[in-house]
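Input: structures, listed below.
Consider the two complexes below, in which subunit A is the common component and subunit B and subunit C are the respective partners.
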Partner chain A sequence: MDLFVQLLLNGLVAGSLYALVAVGFALIFAATRHFHIAHAAVFAAGGYFAYFLTDFLPVGPAVAAAVLLSVVLGVALVTLLYRPLERRGGAGFVLFLVSLGALIVIDNVFTVGLGAQPARLAAGSWFTTTVAIGEWSLIAGQVALIVVAFLLFGGLVTLLAKTRMGKLVQAFSANPEFVEIVGRKPQVVLVVVYALGSLLAAVAGVYVAADTGMQPGLGETFFIVSVMAVIIGGIGSITGSFVAAMLLGLLQNVLLLVMGAEWTLAAIFVLFLVLITVSPEGLAKINFRRVKASA
Partner chain B sequence: MRVQTGNRLVVTVAAATAAVVVSGCGTSSSGSGGGGGAAAGGADGEGYACGADEVTIGGLWAQSGPQAAYGEWFAAGTEMAVEDINDAGGIGGETQLRLQVEDTRALPEPAVVAFQGMVSDGIQYVLSSFSSQTLALAPIAANEEVVLINGGAQSDALGEQGPFLFNTIPLLRNESVALAEKLREDGVGSAAIIYTSDDGGEAARENFEEAFTEQGGQITGVESAEFGGTDFRSQLTKLRATDPEVLVLGAFGQDSDNIISQVREIGWDVPLANTSWVAIPAVLANPAAEGLRLTTIPFEPGEDFQQEYEQKYGEAPESAFIGNYYDGVMIFAEAFEQVCESGAETVSGAALADAMREIGTFDSVYGSELTFEEGTASRPIELAVIEGGAVQPAE
Partner chain C sequence: MNEYVLSIATLIAIYAILSVSLSLLVGHTGIFSMAHAALFGVGAYTYAVLTVQFGWAPGPALVVALLLAALAGAVMAVPSLRVSGDYFLVASFALQVVAGSVFENWTSVTGGTGGIPGIERPAMGPLDFGDSGAFLGLAVVVALLVAAVSLWLVRSPYGRMLHVVRDDEVVAATLGKPVRFAKVSVTVLAGAFAGLAGVLYAQYLLYLSPGTFEVATSVSIITMVVLGGMTSVVGAVIGAAVIVLIPQGLRQLDIASSAAGPLEQVFFGLLLILLMFVRPQGLLGGSRRRPTRSTDAVGDAAEGKAVHAA
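Let's look at the complex of A and B:
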């Protein structure tokens, strides 16, 4: 039981990390239908920028500036790359390939600029301070990650539901032309969507840099699991993506009770394949009554 | 919160993304001593030309990513040897040596692509490292009859890869046995193992488990971890529950550094042990690594080498990996010269491999001689401990 609870806590940490990347991607995809794989580069940028900036700034301002720069990067990708291409008729797979190209270029620019070593952000000794939770424990950095993930998710849901801009984003997702009908510029909505999505990914990247160091290719690893969460949660559902990401993190850790770590991700992929076979639109659309009846 | 969209695109593209990412799209390459040419200097389809102005050898190791710390040592040893040969007038006083290096990130896929490129350029001699990468290259090297030199990987399987792979580093079994014996001698009765799921990590687990139980020790738990992963805390939590007297790490590079940090972060004060590959700068600088017991391959080069190295790199040559790659280049020069002196007009990979077996024993920068026993160098192994941020001899 002790071990089970500790694994649950560790799963919550992993789930929070996946959730930040997944919710950001879900928001962008739902609103724009761009398969923005360069989201992985924005995630990495959060970590790399924070690492670089600590040479010039104290860690707090460096982290804030890193998140801001990553948001600028995400917005630059849509305004300088995707939008001009869309205006020339580029869509779907073309945009994906361009996004993939951007990811590779950005990854390599960071690698060249960084040199050989992984970028480990010196967050301070508080980050690794052990926080006892009953008989169990996490480090302070992990607790901060969980709190920040829930706060950002709550803030995003509130923003989308309660503010005029949030409602415009939802309207844009359903019908992009509607935004123009009500006298707003679609570009503004796009910028807001990419900025919010990038902010979430950048926060996750900063955490990884502080915890174990950012490395080339790490963004892609987190991105793949996060896309899985977006599909499981029901494409287009922000809440579904968040819940699915948390479940993936928990499952990945709790499965260690019955199998080795090399099998947990494979087991999750198998479950994922079963799920999208049964319900291609994710967990939210499963008709459990029908599944039960046919069984 | 729900917004409308189709999902066919996202599923298709997700699959494509996974395929592209898994295939290793993020590799990069760089050259040393000039850009990569269409053909290796002085080479044609049958090998290098004797008397050529310049010949090219290859280097395949991590220049980026979690194992890049090793790549820096491999590059330093190799570059210094190339420079020493060229400064002395070249091989046989006439042939300059050129090094072409590509970044593999210690992964097999980019290594295979880079190796095939080198083979098609006519390169007959390639220095490699990392078990998974070198094991992937060995059958291609045998098929193409190109000599592969490994100075950094230690999986025992590397000792059985045919006549074209030579290891200038002892394989892992010897180190694991020495570590197990030392722990038992120190009265350690039980151990848990965490290892990464690459060939090196697998070999470390298998060897230590076998050696430690043969010595009468008990293995309380074994957990695998993703090679190049970031979070090992759950596996460590599981192993802590088995209450071992020591935790053995079958992991190297950034993985070992992260595991060591995370052992202490979860509040576990278990003694740690690993083999010589753990002693990278990041681990030595990690306060959590204090007291870690390890095996070492003593590397004590001559005064001249030490001075030259310090002048060039601003630090002492403390890692045996530097010597392994320096030796790898010097062996090439000696074998090349022998083939040409025998009257041959060209030097193929097969001729180089034959010459290496014929010569058998080479001078080593270690200050001793290097003899290949069935393709693998034999070197002494000692026990040590990390104290004060440095590797100190064990009592």
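Let's look at the complex of A and C:
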């Protein structure tokens, strides 16, 4: 039982990371239908930028600048690559391949300078201070991550529900033509969703750099687990993505009770494959059906 | 020809088998798979484990390797029957990661990160494939056979059935085409071809390590197919040659070895982006643009729309 609770706490940490990446992707995907795999590169860039910037700046400003640069990167991807491509009639598969190309380029450009060495961000001694929670514990960095993840999620939901721009994003996601009908430029919505989505992913990337160090290929793993969360949570549902990502993080850690750490990710993927085969509409849909059946 | 040239030519032949078999899925059936390196690995590892650890003869080991790779293809077909487009992309990515994890972590069988050394090349009567020239001959003959069978298939009624399934699954079903059979049979076939490439690769390198069968390899094979032109068998072979030769060319430049690998990847990535802007149909994709198909392959597929509406 002791171990179980500790695993749940660790699961909350992993879930927060997945949730940040997943919610960002869900926002972008719902509005644009872009299979933006370079989201993984934006996540990685957050970590790499923070690592490199600490050479010139104190940690705080370096992290802020890193997140800002990653947001610029995400917006640059949509304005310089995806939009021009769409204007040439490229969509779906073609857009995915361009995004894949961008991911490969960005991930490896950072690696050229570093070699095989992980980019480990020196966040300061506070990061590893132990925080006792009952008989269990986390480090301060982990607690900060969980708090930030929930705050950003809450902030995003509020933004979407309460502000004019948020409503415009939601309207655009439901019907892209609507935005033009009411006389707004769709490009504005694209920039907004890519900026917000990239911000969330970059924050997760910064944490990973401070915790284990950023490495090539790491972004893809986080990305693919997060996309699974988006699919399980139901495409278009920000809250569904958040909850599903948290559950995946928890599950991945609880699985440690029955298997070695090297197998937990594979187990989650197998579970996802079974799930998507049984219910392609995602987990949210299964629950809905059950409720309907019992009513 | 010196050993180096023979070795590169053999590698091109092996990758040509992989890209031709993936073009059957991606180009002709619209199944966009990120798991081709996994099928490649199943063939290679099965052959290596059976011959090295269990002392099997090459013949039976080859047969079992092909069967298991075909079976892995059939497993891959299961999600493709339920979902398409972006969803299948994620599913195949998951399969690739699971397979990679098995290759790397099932230490007692696959040797883990240490891999499997000590694989031997077979001898067939007077032909000793230990000789690089003879082995290149074998690889080229196998690659030509795979290309010929693929070419024949895609031009047959079977190939036309695949094309209908690719262009519109609902229409295919309405016309009474066996959509399920089409998808399962083509992934099984592509799996067997990829497994064959895996066996050749094991015999070629005489050593296997899990790094060869990672996501990056799947991406390389996709790049070969896309470069060659999705539906063109000859294009797939040319794509394989280009992608194998680029790193060799870069190696001639004076670059530190730690930077060479990432730079090579940067080059591939830029190539992919440039290609999609300049010639999305690939080198031999023909001049007629098929925007409907490229949109349908991922994204707006029937399933995706249904989910969106739900």
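One rule holds for everything that comes next: the second predicted complex is superposed on the first by the 284 of 295 C-alpha atoms of A that agree within 3 Å, B and C clash if a C-alpha of one lies under 4 Å from a C-alpha of the other, contacts with A are read in each partner's own complex, and residues count from 1 in each chain.
We take it that contacts are C-beta pairs under 8 Å (C-beta built on N, C-alpha and C of every residue); 3 or more make two chains touch, one makes a residue touch a chain.
Nothing here was measured: the structure is a model prediction, and the numbers come from that model.
Engineer: Clash or fit: subunit B against subunit C, after overlaying the two structures on subunit A?
Structural biologist: clash
Engineer: So, does A:270 touch the first partner subunit B, the second partner subunit C, both, or neither?
Structural biologist: In the superposed model, A:270 contacts subunit C only, not subunit B.
Engineer: Once the shared chain is lined up, is A:118 touching subunit B (first), subunit C (second), both, or neither of them?
Structural biologist: Only subunit B; A:118 stays clear of subunit C.
Engineer: With both complexes overlaid on chain A, does A:85 touch subunit B (first), subunit C (second), both or neither?
Structural biologist: In the superposition, A:85 touches subunit C alone.
Engineer: Based on the superposed arrangement, let me know which partner A:105 touches: subunit B (first), subunit C (second), both, or neither?
Structural biologist: second
Engineer: Let me test your reading of the model: by the given contact rule, A:96 touches which partner, first (subunit B), second (subunit C), both or neither?
Structural biologist: Both partners.
Engineer: Quick one: is A:211 in contact with subunit B, with subunit C, with both, or with neither? Answer first, second, both or neither.
Structural biologist: Only subunit B is touched by A:211; subunit C is not.
Engineer: In this superposition, which partner touches a larger number of subunit A residues, subunit B or subunit C?
Structural biologist: B
Engineer: If we overlay the two complexes on their shared chain A, which of subunit B and subunit C does A:68 touch? Say first, second, both or neither.
Structural biologist: neither
Engineer: Which partner does A:143 reach: the first (subunit B), the second (subunit C), both, or neither?
Structural biologist: Touch partners of A:143: none, neither subunit B nor subunit C.
Engineer: Which one hits subunit B, of these parts of subunit C: 63-71, 135-143 or 207-215?
Structural biologist: 207-215
Engineer: Using the superposition on chain A as set up above, list the residues of subunit A that contact both subunit B and subunit C.
Structural biologist: 33, 35, 92-93, 96, 100, 104, 107-108, 111-112, 116, 216-217, 220-221, 224, 227-228, 231, 235-236, 260, 262, 265, 276, 280-281
Engineer: What residues on subunit B touch subunit A, complex-wise?
Structural biologist: 1-7, 9-11, 13-14, 16-18, 20-21, 25-26, 28, 62-66, 68-69, 71-72, 105, 197, 223-226, 228, 230-231, 233-235, 237-238, 241, 254, 258, 261, 265-267, 282
Engineer: Contact residues on subunit A for subunit B in the complex?
Structural biologist: Listed in rising order, the residues of subunit A that touch subunit B are 2-3, 6-7, 10-11, 13-14, 29-31, 33, 35, 37, 92-93, 96, 100, 104, 107-108, 111-112, 114, 116-118, 128, 130, 137, 139, 157, 160-161, 169-170, 173-174, 208, 211-213, 215-218, 220-221, 223-224, 227-228, 230-231, 234-240, 253, 256-257, 260-262, 265, 276, 280-281.
Engineer: If we count contacts the way the header does, which residues on subunit C are in touch with subunit A in the complex?
Structural biologist: Against subunit A, the touching part of subunit C is residues 32, 78-79, 82-83, 85-87, 89-91, 93-95, 97-98, 101-102, 104-105, 215-216, 219, 222, 226, 258-259, 262-263, 265-266, 268-273, 275-277, 280, 289, 291, 294-300, 303, 307-308, 310.
Engineer: Which positions of subunit A touch subunit C when the two form their complex?
Structural biologist: Residues in contact with subunit C: 33, 35, 81, 84-85, 88-98, 100-105, 107-109, 111-112, 115-116, 216-217, 220-221, 224, 227-228, 231, 235-236, 260, 262-263, 265-266, 269-270, 272-273, 276-277, 280-282, 285.
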